[in-house]
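These are the structures, in structure tokens.
In the two complexes that follow, chain A is the common piece, with chain B as its partner first and chain C second.
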Partner chain A sequence: MAKFNKIFTREVISLVLFFFILGIVLAVFSILSPRFMTVDNMLRALKHLSLTSLAALGLTFVIAVGHADMSFHFVSCFSAMTMSYFIGILEWSPVPSILMGLLGGLVFGLINGFAVGKFKLPDMVATIGIGTFAWGLAYLYNKGNYIYQNFLTSGIINFSDGNWQGIPYPVIYLFVLYFFAYIILHRTKYGRGFYAVGGNRIAAKFSGIKVQHYIIAAFVLSNVLASFTNMVLTAAQGNGNVKGGLILLMPAYSAVFVGVSVFKKPTIIGTFIGAFLISIMQNGFTLLSAPFYIMDLVVGLTLVLSIIISRLEVRKNLNKTVIAIQDGITD
Partner chain B sequence: MKRILSWIRKLFSPEYILLWMLLIMVAFFSIKSPTFRSTANLLEVLRSSGINAILVLGLTWIVASGEFDVAFPDIAALSSMVLVYLVTRGIAWGYSILIAILVCCLFGLLSGVLVNVFKFRALIATIGVSVLSKSTAYIIGRGSPIYLININKTVERIMFGRIANLIPILAVIVLILYLAANFLQNQTKLGQYLYALGENREASYEAGIPKKMIFYSFFVLSAALAAGGGVLLATSFSAGQPNFAGTLFIDGLTAVFLGALMIKPGKPNVIGTYFGAIFIMVLGNGLTLLNIPFYYGLIIKGFLMILGVTVVAFSGTEFFEKRRAKRAEEPAHQ
Partner chain C sequence: MNETVLQMRGISKKFPGVIALEDVDFSLQAGEVHALLGINGAGKSTLIKILSGVYQLDSGEIYLGGVSVEINNPQKAKELGISTVYQDPQMIPSFTGYENIYLGSESDSRSVFRLVRRREMRKKANKLIEKYPFDVDLNQKVGKLSTIEKESIAILRVMARENTKILVLDEPTSILSRKEIDILFKQIEILKQYGIAIIYITHRLEEIFQVADRYTVLRDGKNVGTDNVVKEIDKNQVAEKMLGEKLSKVYPDKSADPGEVLCQIDKLGLNGKFNNINLTLRKGEIVGIYGLVGSGFDELCKTLFGVLRPDEGKFFINDEEIILRTPIDALENGIFLVPGDRRIEGQILNESVSFNVTLANLENVSSVFGLIRDAKENRDAKGIIERLNVKTNSAKTLVSKLSGGNQQKVVIGKGIYTNSDIYIFEEPTVGVDVGAKSSIYHLIRELSVDKAVVVASSDLEEVYGISDRVLVMYKGRVIIDKPVQQTNLEEMLISGLTGVVNG
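And then the complex of A and B:
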């Protein structure tokens, strides 16, 4: 019996439950739409997945240190407009422009990190304020208008539409970045620090972990990855748009919390399967030519249901922090 | 004489910094723009700040009790859609408004359940609720706004009417609402409870504060007030909008956090929020009249929000405590 309990831990049960739900979703869509289960469509779904899941990847680190980031979608707008400005108005070549965009994300990530980590400002308000500031700055580049000059000729389109031996670039970004994030967060001593900070900050401090450093790193990762995502999105759309990144917020939170509901703590694999579930559903509804607001509904329902599922086995004493994070430091 | 002096001294204390910022801004815009300083415009600013003020009244208390609600703009949108949908189907205005507010209360209740029963951080729960209410609003209109043809006379009068052709009715209603809320906040147990929850969650649980009841009522209240704001917005746009232009959220939050600078430094309170809402509207109106694009307003609001939260965070913590302690120590050393 003890052995039985060891195999069927909560984690395994919820993982099985998750794949059961995923299986039902896949089955329903492949019955409803014959085009769903084709290689072409799956590749398209993966490409779409990469756009929603990279922002979620950064957010995972912020949730792991026990904070919330409400600025990454605003900051991503700023970075994408920075890139568009360098490409469209200053006529730089793509790579330096992308680097300038990432620099924008880095700067705002540092500002967020210092505000929350060093100056101990309340995370939500501070990040919303900083995000609003960044979003306002994004309007300055072209008075809020689209930037589309030079997009077709400079080769920036390749950033999103290119492929390597048939694999689209965004899919490569997805797997490479997720692989490194997995190694860092789950396979190094450095990565354990994120969970330690999120679980018990005072204990972490007294075990010699640089708490501020981890919080700043988490916010930098979140903002830089969201910026990267939105730049790929901008390249795919062929114009820089000040509101382009705002759609990143909800799917990112949903993906992370689907992961939390499966693994009881924010993990890279959890975020990945969360993003996968959401984008496969969005892809399915697109094939059924459902209107765009159904996507929002799907994302919202997934988020709320994943909260409810993750709380079905509620334990005592989980008022303050996410229960999952507490688990993270006990194992 | 002494009393007057102490009053004057009080006015210069940090508790009234927002009032001074507001006065300086009004003076600045008045010098720059003759249109701004006309009585008609100033009263119009007061009137239109009312909508924002109604939207964020519930949010003020939620933030003061240490939680968060990001759903209010989307709930307002949902309320406007439900209202206009029912009205265009020929249902009487009174019933339509009632149903719109009740539907929104259900969404508020959902936030309350997610926070109370499923113990999730209010931010995550309300993000979920806001997406749900936004998509419900879209579904009602099948993805587009619904236009209103006739507006009920009473609602129009509440929105645009003037007492004696001068004082906006909406401003009076909002003022009464805020004074009532201020009474609840300062003179009843509820007010004590909500600041106790914001101050020390654990201690207030131990003291037996009915926190579940409080959070349920706050989330439902916030949704109901947002719904009321949505009804006013629908009459003002003469359409139900599934997605009001993006700055509603930022304006509301800025009002609450600027308000936290006032009266009770560091804690959101209704009078502060009222002045915060007026502040935001003066800023928007002044920038428009000076022909400055609205995104400069966005930058200023973001900056003000950071400034507000910094002052709030430091007012309660080490920085001021240390200074206070130093001041207390100095004579002892001599």
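And then the complex of A and C:
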């Protein structure tokens, strides 16, 4: 009996439950659309998955340190427009343009990180403010108009549509970045720092953890990865569009919190399976040519449900009070 | 007065793998204070949770005033007149005392707009405080009140429900200073006069002699004895009952000869908190600092660990001056603080034992690129668990699943794992039961063999019992500094309370 209890821990049960739900989703779409279960479509779904999941990957670190980031989708618009500007208007080649875009993500990640980590501004409000500012800046590049010059000729399309041995680049980005993120968060001492800060930042401080560094690092990761994602998206679309990155917000949150509801805390694998669920649903609805708002509806609902599940037993009220006290004490 | 208000018979409760309560009888009379004793895990809180409707009993019966009742939820318990005040009552700091007392019952459902009826509330509150003359200003915002005043409001809040007959006080003194404890005891006397029956849960044995009429000891989920409190009771006898075996010596032997000087603190001061602190720490010596909460020892400990920055003074380790800006500096210089508030400063509750143990010395379990060496971490954590005798299923068990004493051992284990030279223990045994207490003291002594140790605490007996040299702090000053043999409990107590030193 004891052994039985040991095998069927809560994690295992919720994983089984998760795959059960995933199975139902797959089954429903397969029945509704014959094209759903084809190799072609699965590869497309995987490519789509890479976009949802990379933004969610960065967000995982922010949630791990106990904060929220409401800016990464805005910042990603700024970065993608920066890249587009360097390619389309200044006629730079793709790689340096991509680096300039990533630099934009880095700068805003640092700004967010300092605002929340060092100056203790409330995360939600501060990141919405900073993100909106970044979005405003994105408009300045071309007065809010599309930038499409040189997109076809500069080779930037390859950033998204290229492949290596038949594997699309985005899928490679997905696995490489997830692999490194997994190693960092779950296999190194730095990962311990993120969780310690999120678990109890005063105790972390008393244990010699550089609390502010971890918060700043989390926001940098979130903003840079979201920027990267949107740049791939922009390359795929063949033009820079100030609103291109806005769609990243909800799927990223849903993916992370589906993961939290399965594993009790933000984890790389959790985020991955969360993103998988979300993009399968998005793919399925696209095949069914459902109107776009159905997607919003489902993604939003998934987020709310997963938060309810994770709230039920994860991070009980205690942690909230600890965080409240911490905000008053840490310098 | 001798009317039995509560009778619990043959109460049993099982949790998966654990028998929390087994055939426990418990009775309570009107107007009595019945102390419920037991080390952590003895079943005290399970019994109380059954009484207050949080848990359901597996078998047994509960009679209230001779009538069999079924308490299947907390609301039902309240309706039956059973109320509990927990150790850290939750209140809204920006509300006044009376607003907190009547929280949730402000509006009158009969009035159309459901307005908050302040005048009526205040009137009711005044009546309440006339009945129970507690020394607390109900018009003050709760956030500005002291701990005992908050506790008073929590009790008044319960008494505002007029049907309250049974009051459970769950370790009410754990966060109070000695003066505040006396105030609480007076309030308990007042409640007794109204025939309120009180169940008083505590770790502190000496308190039951001051406040209780009867006591019941629980051990391993069984009632091992209910008796009247009489003056002649041997404390050790009660402690023995709680522990189940002969109480081994609580405090370890004193050190015979302190070794070389490791650390010298010269005229350390922090504005408004403490000033002119001189301290010499030697290997093999335990320096105890006794003071009331607020006497400055908390800030002193935090300054020695780099959490707070001193305004003046110097700090030498091995004759070399060092400056501590952050805890990181302190750890690099071989200083570790076992903080006073374990829950907030000491542990990451939602992480495993091994996570917590290695947190302050991750270098030791990581290789290139900071990769964690799982096998070594597991081995080392197990070593610490064994050495400190932490009661846990495995090194991967979450700290939140451990009892208070074992949680404290994990924090100490984290310190030991840093292999520091100077250990500062602040309130090392708060919320720790008698059995674990003693093992923590022996651990501290063992540690002090080749390290310098400071124990700062508001527990007088603890400082006296463990230290080789004692300091007494009063309002930020050190007013006594001598070998423990040259002072006594009385002198330390009086100077700590009043700041006056005899002779």
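What we mean here is this: the second predicted complex is superposed on the first by the 311 of 331 C-alpha atoms of A that agree within 3 Å, B and C clash if a C-alpha of one lies under 4 Å from a C-alpha of the other, contacts with A are read in each partner's own complex, and residues count from 1 in each chain.
Definition applied: a contact is a pair of C-beta atoms (placed from the backbone, for glycine too) under 8 Å apart; a residue touches a chain by one contact, two chains touch by 3 or more.
The model shown is predicted, which means the values in this text are computed figures rather than measured ones.
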Most chain A residues touched (candidates chain B, chain C): B
Partner chain in contact with A:Leu303 - chain B first, chain C second, else both or neither: first
Touched partner set for A:Ala68, first chain B, second chain C, both or neither: first
Which of chain B and chain C A:Ala134 touches, first, second, both or neither: first
Contacts of A:Tyr293 with chain B and chain C, given as first, second, both or neither: first
Which superposed partner A:Leu15 touches (first chain B, second chain C, both, neither): neither
Footprint overlap on chain A, where chain B in one structure and chain C in the other make contact: 318-319, 322
Contact set on chain C toward chain A in their complex: 16-17, 305, 307, 326-328, 330-331, 337, 339, 343-351, 355, 358-360, 362-363, 365-366, 369-372, 414
Touching residues on chain A, where the partner in the complex is chain C: 2, 5, 183, 187-192, 195-196, 199-200, 202-210, 264-265, 315, 318-319, 322, 325-326, 329
Footprint of chain A on chain B - complex, ascending: 68, 70, 110, 114, 117-121, 123-125, 127-132, 134-136, 138-139, 142-143, 201, 205, 242, 246, 250, 253-254, 257, 293, 295-306, 308-310, 313, 317
Touch list for chain A against partner chain B, complex: 68, 70, 115, 119-122, 124-126, 128-137, 139-140, 143-144, 243, 246, 249-250, 253-254, 257, 291-294, 296-297, 299-301, 303-304, 307-308, 311, 314, 318-320, 322-323
